[in-house]
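Order of writing sets the labels: A, B, C and D. Residues in every chain begin at 1.
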């Protein structure tokens, strides 16, 4: 092994999301779509066919009337750090974990579109391009040059704004530094959150906000018991909100009609 | 040596077999994979020099500071400006997609300005006594608004119309509030300047009294689920505990809850009461709680040139007699408050009124106007943005044109000024000069994040800075405080275009309409429609949610199409049954059709399509 | 007019009648090809699959037909490797069933992937840790093997074997068929297992996730067993159907019963292991992942009835019938049991593919439902029609049942017996 | 897939996986190539006819593959292991050596009215071989074969100078829907051709005067009896009348009596063709 091939510093980027601050405004979803050149929804798209690398779910405590309480839960790729379910199922190595950053990357240009990874993901954080990407005439001028648009028939997902990581890396290199400084690289959703509910940083850096949040007693991760070591930490002081991390409860006979 | 065909074939075969042993053919196959990655028809993002440019968002009165990431001058993404004293680096979902609006498929591209001008000339000449020429300005307070007022002053029978100012023109100082009671106001969902509200949020206790669990209610410290339409009764009881028993009956809360709330508001002051519609009861309660001068302040006026002082007064639509407007200009190039078309229409003369709308899409009043002239849209347009409701200080900032507007766009103020026979001049710069002349306040520039006292800046530099992204903050040198109990100072019965809350529940219109979309923007970027479709976070425009029982009573089962009917008319909507909406309410995502017939707290009914 | 292509001595219906028989299937195939074409040209938005129901009808179809097509490898294994000569009577038919099932599944898969033109990526950049890679490699190889096994059947056509090259090649190839049978067994073993592993490895889907041996989850072995069990049953069922439709005796009852017995034996072992596996999963694997197993069956309509139907009703019951010589000897029981076994395995594949995706994983997830679009159904029907057509043509022109002619003479002899006795 | 492709790792998993894959590919490919090479060799050594008979024989029902010594009652049951070529058969040689020489009492056997002259030897595919004084042999259809084909619609005879081999194709005959390949009883070179109207079909110069594979003498009667049984069966399988039309004696043109029978199947059965 040649030393030069080794990353200078091995980072484990992660996120903390304060559910007590999320207003469900959707700014993260929109900023994400703008940053990553996700096309406007096709008219035939539904909540289950669209591409939302980050999606905010409205979750309630299951009560009726005045006792009802809701919380907004942004769900994105949880960047599983252990036994990453989507990585080893891909038949052609289109999904990989970057050893330098711990980010689970999806290479749409190598994707066959078999959707096995989507079946493997417990968080439904992977999206298939059911349609050819299309922008209204002229709007392609507003595309982000750092991210290539994807073709129909491939899977894509959150990669913590890989284009931004590259740009940060280049800026750091231009400044003569070997590492990206804390705060010099944040994904678009983090930057756009008006309430600052989403925080981003290197979990290996004990001073970073996600690392601090990870140790908080009120922090939790979704489906932690699966043992996939997701790197997105959620935080809420409300007890019932922390229950969203658990497995689904059997149905109580009613369906949420809005979904 | 004789070479036969067989030798050549052998040579070729051997060569091919040998080539298979080199990496070349395999490399070729690998490269073919890379070529196949570029499917035809997929746009390639343009490349170019990446720069940051600054502006202010013109999509709502908040006017948040914006940093645009530009590639070869073309904005490709927007973000807030960290450190901005008001917007605090935040942008809402609508604002984040503003740079895509110029490419909206429903954008209006052509108009007939000459014909419109001729029609206006003819109608103005015909304008008889008791008839008027009017400008309806949805975003008053801009330099362009002053041009309209000057123009209307220059015209005989000229009238300048604007939506009623929220809170009677007072400004909210959230930073001072310790307890905020919101009577259905979407405080955390698009009210005021989002960044400012979220920054102040940690310092006040928020109590949301609202029939359904709105976004604000979900995030409030306390949510009081009250019966639809009982906000006024609650406000009255909080001011006057004697009415608590009847209020308890009206709201569905207990008397104790009401009295506790009243105690809390006084004990944990300064308090602030906000309501979805400007309820006079809420203003009176604020007054009683001593909010004036504390959490509610009168903002100093942004200076204007002296030459502008000869201007038509600002009037509300309701104050104009019915069937009296012969010529009406509507400026909706900058979004503002909305007035249902039904309320405007009845003010027009019966015989051939001329309505000229200035809009960037046909989704607004343009659908009803004889002439709709296309205008530039944010971020093409250049316009100042009046101070936001939650800014106690006077502000002046310009939404700068980041993208050149296409040819053939009309300039509303030039058009109206010309029709009135006055010279519009460069109103924006004249006003900037007037502000500079006042010498007050500081200038916050976005690129460097610095605040500089205005007196240290030369006029040219001030104008240049304003055009490169900056906010002038007037400071609060002369806060108009109002004393407690000073009845004359309370804004009285507010004229409102919308049917009021106190329209009692009737058999004709049993449902109360509540809007869920924070900004009644006529159109948003296609990416927002994506947000509507791809998630159940927000309903799509022209959709309503209602309790299944309510739906059943109206003969609607399941998600379906229906007709929404109010006193102003009817329109087709999509209906979604949702148990989280209390019975008797209709949670509506505004769309152009709905806005034509609904104001806030309209009573309505739903009929199966 | 096609007389000279039909095997000598066997009776086939007239050309016109055959045309009438294939016409509806051809119509179905054309409709299906149109559906599939829409999906290929316009993209998978033509289907009702979505991001949550990423797999649908087609994957269910693939898994089921590949399980049913296992008769090809298993019969070949029993005949050529274990030398069970009785099975010579059905081997050709089994091979055709295998070809039909596997090639049909491959066609459906080609429509199912988002970028069919990139199919070769899997071979070029294989991720050897993926069960799907194993499946792709094995199925492609095995389909090739099946095609080669099918070749002698085709070349043995009466008209084709008049060409000496074909005749000789068929003869030489047939002499080496045991090699192919061996390779086929090896490949089938792995891809049937990997198809099971496909779901068993899904750590993120506790409903499907299973523990196992080394890199293979228990479903790996269960799929091999269930496929081997149901393969002979399906061969039996098809043979019976063909006998009914063509109104001919094609196979001796002993061969049918042998198929039934093998099927029953393997099915019994499968049901036993499946029961153990289910118990381990309910009591250990699933709760260990934070999912009490009871909740999976609280989502209607997927109640515990599905578990009971799969294991007891369509597993244990047919196994017992097939293992009882008295019942097995009666065609009605034999065929019903074989049909039940096939349905049971199809249900198992349905549970693996559809229920896995329907059951929510996140607490705020909803139970998912999905109805295939007509394009999906059309493509499904295309595979079905394709199978029927290939089998019909093969049955008409190739010698799928070597005993057919002999049985025809035997029937005649039985009828003739009294006359002959009287004569000599 | 190849070491210089993206994502190729020299790990145990890759080695095992790709190793297994390449092994399978090599086995399958070499099987195919092997079969192709063997075919080429077989074609070059003109074994197509031998192979055709080997396959046809293999596909015959077990009942039809009976040893000639079963016909004569020397065995209860024996399948011929040599595809009716008794020249290599040791059992046959032993049995012939131990048997008493044929006593020819009559010049011909008359079976159900059919004449089987005993001056010639018969092939089980219903041809006979008659040695001519000039060292050649004549080959013709026996009486049953002749009646089966009746007046053939067409006969395709080989060119003189061509070769025939034992159990290989001698000539083709067409009758109604039947396309019959008549098996050659001897190896040799064709000297002249006759036809249905001539007393013989082929005059052949045999390689050796070795007719051990052919039936003669006392074997004729049991064989023809068995053949009649088979004919009976074949006819009834084709839905033809259960008994012969004239009460036991085959008519000159049997086909004419059973117009509805699949004559191709009947002839295939009788001329030992798959």
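Heads up, the rule we're going with is that contacts are C-beta pairs under 8 Å (C-beta built on N, C-alpha and C of every residue); 3 or more make two chains touch, one makes a residue touch a chain.
Model, not experiment: these values are computed from the prediction.
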Distance-maximising chain from subunit D - centres being C-alpha averages: B
Chain whose averaged C-alpha position falls nearest the assembly-wide average: A
Between the pairs B-D and A-C, the one where more C-beta pairs touch: A-C
Whole-Å gap separating subunit B and subunit D, where each centre is the average of the chain's CA atoms: 97
Centre-to-centre distance between subunit C and subunit A (centres being mean Cα positions), rounded to whole Å: 40
For subunit A paired with subunit D, centre-to-centre distance based on mean C-alpha positions, whole Å: 76
Inter-chain centre distance, subunit B versus subunit C - centres from mean C-alpha coordinates, in Å: 62
Two or more partner chains touched - positions in subunit D: 5-7
Per-residue multi-chain contacts in subunit B, two or more chains: 30, 33
Subunit C: positions in contact with at least two other chains: 118, 121, 124-127, 129, 133
List of subunit B residues in touch with subunit C within their complex: 29-30, 33, 36
Complex contacts: residues of subunit C adjacent to subunit B: 117-118, 121, 124
Complex contacts: residues of subunit D adjacent to subunit B: 2, 4-6
In the complex with subunit D, residue positions of subunit C that touch it: 3-4, 8-11, 123-129, 133-134, 137, 141, 144-145, 148, 161, 164-165, 167-169, 171-173, 175-176, 179-180, 183, 186-187, 402, 405-406, 408-409, 411-413, 415-416, 419-420, 423
Subunit B - residues contacting subunit D, complex: 23, 26-27, 30
